[in-house]
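To start, I am sharing the structure in question, which I have written as structure tokens.
Chain naming follows the written order as A, B, C and D, and within any one chain the residues start at number 1.
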Amino acid sequence: MDIKEVKKNAKERMKEFCILCPECNGRWCAGKVPGMGGAVSGGSFQRAFDKLKEVKIAMRTLHSVVDPKLECNFFGENLSFPAMIAPITGTKFNMGGYVTDEEYSNDVVLGAVDAGTIAMIGDTGDPNCFQVGIEAIKKADGKGIAIIKPRENSEIIKRIKIAEEAGAIAVGVDVDGAGLVTMKLFGQPVGPKSLDDLKTIISSTKLPFIVKGILTVDEAKLCVEAGAYAIVVSNHGGRCLNETFAPAEVLKDIAAAVGNDIVILADGAIREGIDILKYLALGADAVLIGRPIIWGSIGGRQEGVKITLDTLKSQLYQGMILSGADDVNNSKTFSRILCTK
Amino acid sequence: MDIKEVKKNAKERMKEFCILCPECNGRWCAGKVPGMGGAVSGGSFQRAFDKLKEVKIAMRTLHSVVDPKLECNFFGENLSFPAMIAPITGTKFNMGGYVTDEEYSNDVVLGAVDAGTIAMIGDTGDPNCFQVGIEAIKKADGKGIAIIKPRENSEIIKRIKIAEEAGAIAVGVDVDGAGLVTMKLFGQPVGPKSLDDLKTIISSTKLPFIVKGILTVDEAKLCVEAGAYAIVVSNHGGRCLNETFAPAEVLKDIAAAVGNDIVILADGAIREGIDILKYLALGADAVLIGRPIIWGSIGGRQEGVKITLDTLKSQLYQGMILSGADDVNNSKTFSRILCTK
Amino acid sequence: MDIKEVKKNAKERMKEFCILCPECNGRWCAGKVPGMGGAVSGGSFQRAFDKLKEVKIAMRTLHSVVDPKLECNFFGENLSFPAMIAPITGTKFNMGGYVTDEEYSNDVVLGAVDAGTIAMIGDTGDPNCFQVGIEAIKKADGKGIAIIKPRENSEIIKRIKIAEEAGAIAVGVDVDGAGLVTMKLFGQPVGPKSLDDLKTIISSTKLPFIVKGILTVDEAKLCVEAGAYAIVVSNHGGRCLNETFAPAEVLKDIAAAVGNDIVILADGAIREGIDILKYLALGADAVLIGRPIIWGSIGGRQEGVKITLDTLKSQLYQGMILSGADDVNNSKTFSRILCTK
Amino acid sequence: MDIKEVKKNAKERMKEFCILCPECNGRWCAGKVPGMGGAVSGGSFQRAFDKLKEVKIAMRTLHSVVDPKLECNFFGENLSFPAMIAPITGTKFNMGGYVTDEEYSNDVVLGAVDAGTIAMIGDTGDPNCFQVGIEAIKKADGKGIAIIKPRENSEIIKRIKIAEEAGAIAVGVDVDGAGLVTMKLFGQPVGPKSLDDLKTIISSTKLPFIVKGILTVDEAKLCVEAGAYAIVVSNHGGRCLNETFAPAEVLKDIAAAVGNDIVILADGAIREGIDILKYLALGADAVLIGRPIIWGSIGGRQEGVKITLDTLKSQLYQGMILSGADDVNNSKTFSRILCTK
């Protein structure tokens, strides 16, 4: 199996949920939520793609970077390259149901470990989703991260404990889920979190804590103040607030403001290795991969996830040679290889 | 009935007048006047859409806005959210005739009241249109606003009196109708209005007076000087002057100039709740909704209008949570959540 | 017959030469020379369209311009509005041959007079084209202008004499024809003109002299120095030098430099009356119309030309009301109604 | 045979490898490597096209440039115009196999000589490709240039000797091939080159040495320091590093920095003569032609290559008349005819 076969399979199996467009830019699937698209008009998904596309990498080949270093360490884990898997749930209504949430969780958590990295598992209104994610993390001897919806503090802390017991290496909350007004109807209210809320939650655990869904400098600073270990600069694949900014257009300012104080992860519209290099050059320490991993799981299951990650890793490796980027741990020096127009 | 069904019905019933494009941006319907499109090349409709699209909303979820306030008061009326229905006439030649002007007027005026807000009714060469609008306002116990074409002053004042008798809560003139040279042929000349004209008209009534169709700072100031209660920053859905500016690109300057002196309404290309938030953040106090209301009436009649408004309200509510906007009455503080590129 | 019928007829009769695209922007016909398109990649045609599209007109209706004045005088002739017909030849290989060059010349020269304005007739390698143009001017009692290719000076002067004898009201040279290397093969060399060449040619006649095809400030100044009566800011419909500038993007600077010293005409991508207003607001005194006139002649012959001009005139009239432009002779004050982004 | 026939033939013969799109912009063929497209998403190919398209040439016809001079001298050879053929290999997997690499090499080397210019031949994992290129240069009495992949220094020097023996007029390395990680698998490792590497290689030969694949000012300066005769500002047709810059957007700065110290060649998205003029005006001394030459060889073999070059030459000649560019050897004065927006 290779990446072409993985994608071919995924295309056949996802039917009208995703047609793997030649350019995966959020146009075809605009508004398909549930589904694979961005919310409402798809504006935030499209923005994530378009703004990342505006970032270009300077090619340089007159140097001595013959074998760039991709290995890095996050949350105490050695990773083969600075990319993790984004938390995703709802295989049935979002992806068409070729895999169950349990199968998907296993594919991504174990596939990530196979590729030398780590997956995040997600949370949703259906309690089964979080549970099967936790089970997958257990199978992987704890090599996984649990991301919890911005529920009431007590509910979050309850799930953090479950993750701790599963041996997870980190936990977090995707605060951009605050607007899921439908979860309230099912007796599972979510909402925005104050600084005090964050402090309460973070102080409840010794695990590194991640705040996912930051797009402004002021909220990035709040995360530092609250004692978070990492933020994810993300617009949630365009699926929360429509018509908001792209990670690629706010990342540089956020990195300038808090880059020395907190780990910065970023996601959004990563389709090839060079996109990872863009985010690193803009100031991220590592990235999360979303939709391509769905194709990996559906198109090739656990092996497909590994193949997808390996392909990205190989493209990143080549991109670093061609831009003279020597070591992902020096990403703060990468800005010279980058230009945003 | 839900919003999807309303739109599905509308699509079937409007046939070649409107195909409810995935993105309602004025391209397909360019030049369809009569019809649903923008005048001539459709440039003004498209500009209204494109410039609103360039405005983005900063997502913020680390705050305490768990239940933002949408209620507001305009023209002495409590509204459930800051959106009213724009004045539209000509159901037969503009929309394909599935509803009559009488039915449409009732749908929008009563549907607006059902959703806790207010509709404007319009004026045109066919005197029946204004009449059925007035009748609908009467049915709603006066909860409606009459917008009159820029006819000769005496003709305007005559219609203001009719609106007063119907108990309307406000009246106005859509001055951008000044170029309807065909109305002259039917003995109903329209034209531009001087400051003196405006003063004469406004002094003829005790009702709050609205000037609809302002796109420049200097004319916004003239409206303040003339004693108007409100302006509508609008390019009339692109149906008057082709190739003019978009409301979204002039609103900020107008709000800076007269925002403390007059109520600022705005319309143009609002398709979802977040678009309302954009206009508020740009400086509007409230907005008008146009084409989506037509789909509401044709796709679900009075109930369809209510569903359309409720959907927008719910999206605005969610958008306020996700941007930390606490109260529509504080819209002058919303500028921090906004960026125009 | 009305403008819709004219266009419908033209579409049927021009077949694969022109399909009257909903938006006539030079994409479909790119490279169709001979034909109706722009040269090579069509870049100059497209640029003319795109840059004019970027210019927008501020709508204003709070003023006293109830009946704007369109009448003006150029070359000693009273015109009903500031638009003339651009010189065009080659009906067979450029337009598909529904009309002959003789028929076309009569249509445009006489149709222009019917609409209260003036046509220019053109010159090409086939001497018949110039001849039938001159004959048409004679039929119109001299109400026409002869534009001659940049041949050798003596050949130009010979043709100026012919135009003088026909009673033409002005003559000119389209200097942007300098690159027609094929004309050399037929023993009719064309080429660039030096300042001395221009002086020699201009001093040979007492008729007002027009230099057509100016896109830079320095060449506009040369025309003033040479004693020309008018320039045409034009990229020749994109048919001479591919990938050059658009008239709409250079006009403002040219008008600022020589607007008080010479009459400035402009052409390129005018499709509706508001486009004329754009050029006036950018600094032109009057404009030339090209492709729409071809549709007029083929779609409705002499009457079609008149209908096309009347439609543009009516749209310009409406546009002036809606922007507060009072008199085309005050076009130098129109800049406030304009904004180029 | 003319250029239209050449292209028509090529379209038929290349089948799904290239469909000769009306606008050859890298969209249709995105990711087709092997094939004719740009790597991965095709971003670098598209950027090369788009940024060149943004450059426009000022038309000027009031001057005395009636017969501009195109002849020039590079590497001691008189060329009929400042355009050479870019090194290309892999006719089977990249172009569909209508011609073999041997046939292609002969077509381009001999066809270039027929048109009064010079071709470069390339290097790849298959040693036959370089060999047939060298043979073609021999047939042309040395009138050709050998471009070698960035192999180990000793391997490069070995091939330089082979080129010297064939009488080649110059040699070079396309350093942007440094990321071809697959070549390592075949025991032919390639990689970036340090300044010392470059010095070692350049000092091994008395032939003029070309570094192909420069996109930054700092690497252009390194080439000067290393003693190179020429650089090629190029992103390799978008086939090496995806999402890098376009030659047209970096050329001006590079020319400003090293234009007096080294010969500057450039390539990327040249489709017509005016594109050559753009690169000259941006600061290049001469250009390389890529994809159109492939069409020439496949569509008309050696004659097709000559026709393609002659067409470009004729268009450049016409473009120089229409912009007042007198002599390609004065290209450093061309900047006044250019504007990048």
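The rule we apply is simple: contacts are C-beta pairs under 8 Å (C-beta built on N, C-alpha and C of every residue); 3 or more make two chains touch, one makes a residue touch a chain.
Just so you know, these numbers come straight off a predicted model, no measurement behind them.
Novice: Suppose chain centres are the mean of their C-alpha atoms. Which chain sits farthest from chain B?
Specialist: Between chain B and every other chain, the largest centroid distance is to D.
Novice: Residue numbers at the chain A-chain D interface: does the shared fraction exceed half, giving same, or fall under half, giving different?
Specialist: different
Novice: Can you work out the whole-Å distance between the CA centroids of chain B and chain D?
Specialist: 57
Novice: Would you kindly tell me how far, in whole Å, the mean C-alpha position of chain D lies from that of chain C?
Specialist: Chain centroid spacing, chain C to chain D, equals 40 Å.
Novice: Could you list the positions in chain A whose residues touch two or more of the other chains?
Specialist: There are none in chain A.
Novice: Are the chains arranged, by touching, as a line, ring, star, complete graph, or other?
Specialist: ring
Novice: For a test of understanding, state which residues of chain C touch chain D in their complex under the given definition.
Specialist: It comes out as residues 30-31, 40-41, 43, 47, 150, 175-176, 178-179, 181, 191-195, 198, 211, 213, 215-216, 218-219, 222-223, 235, 240-245.
Novice: Help me check something: in the complex, which residues belonging to chain A touch chain D?
Specialist: Those in contact with chain D are residues 22-23, 53, 55-66, 271-272, 274-275, 278, 314-315, 317-319, 321-324, 339.
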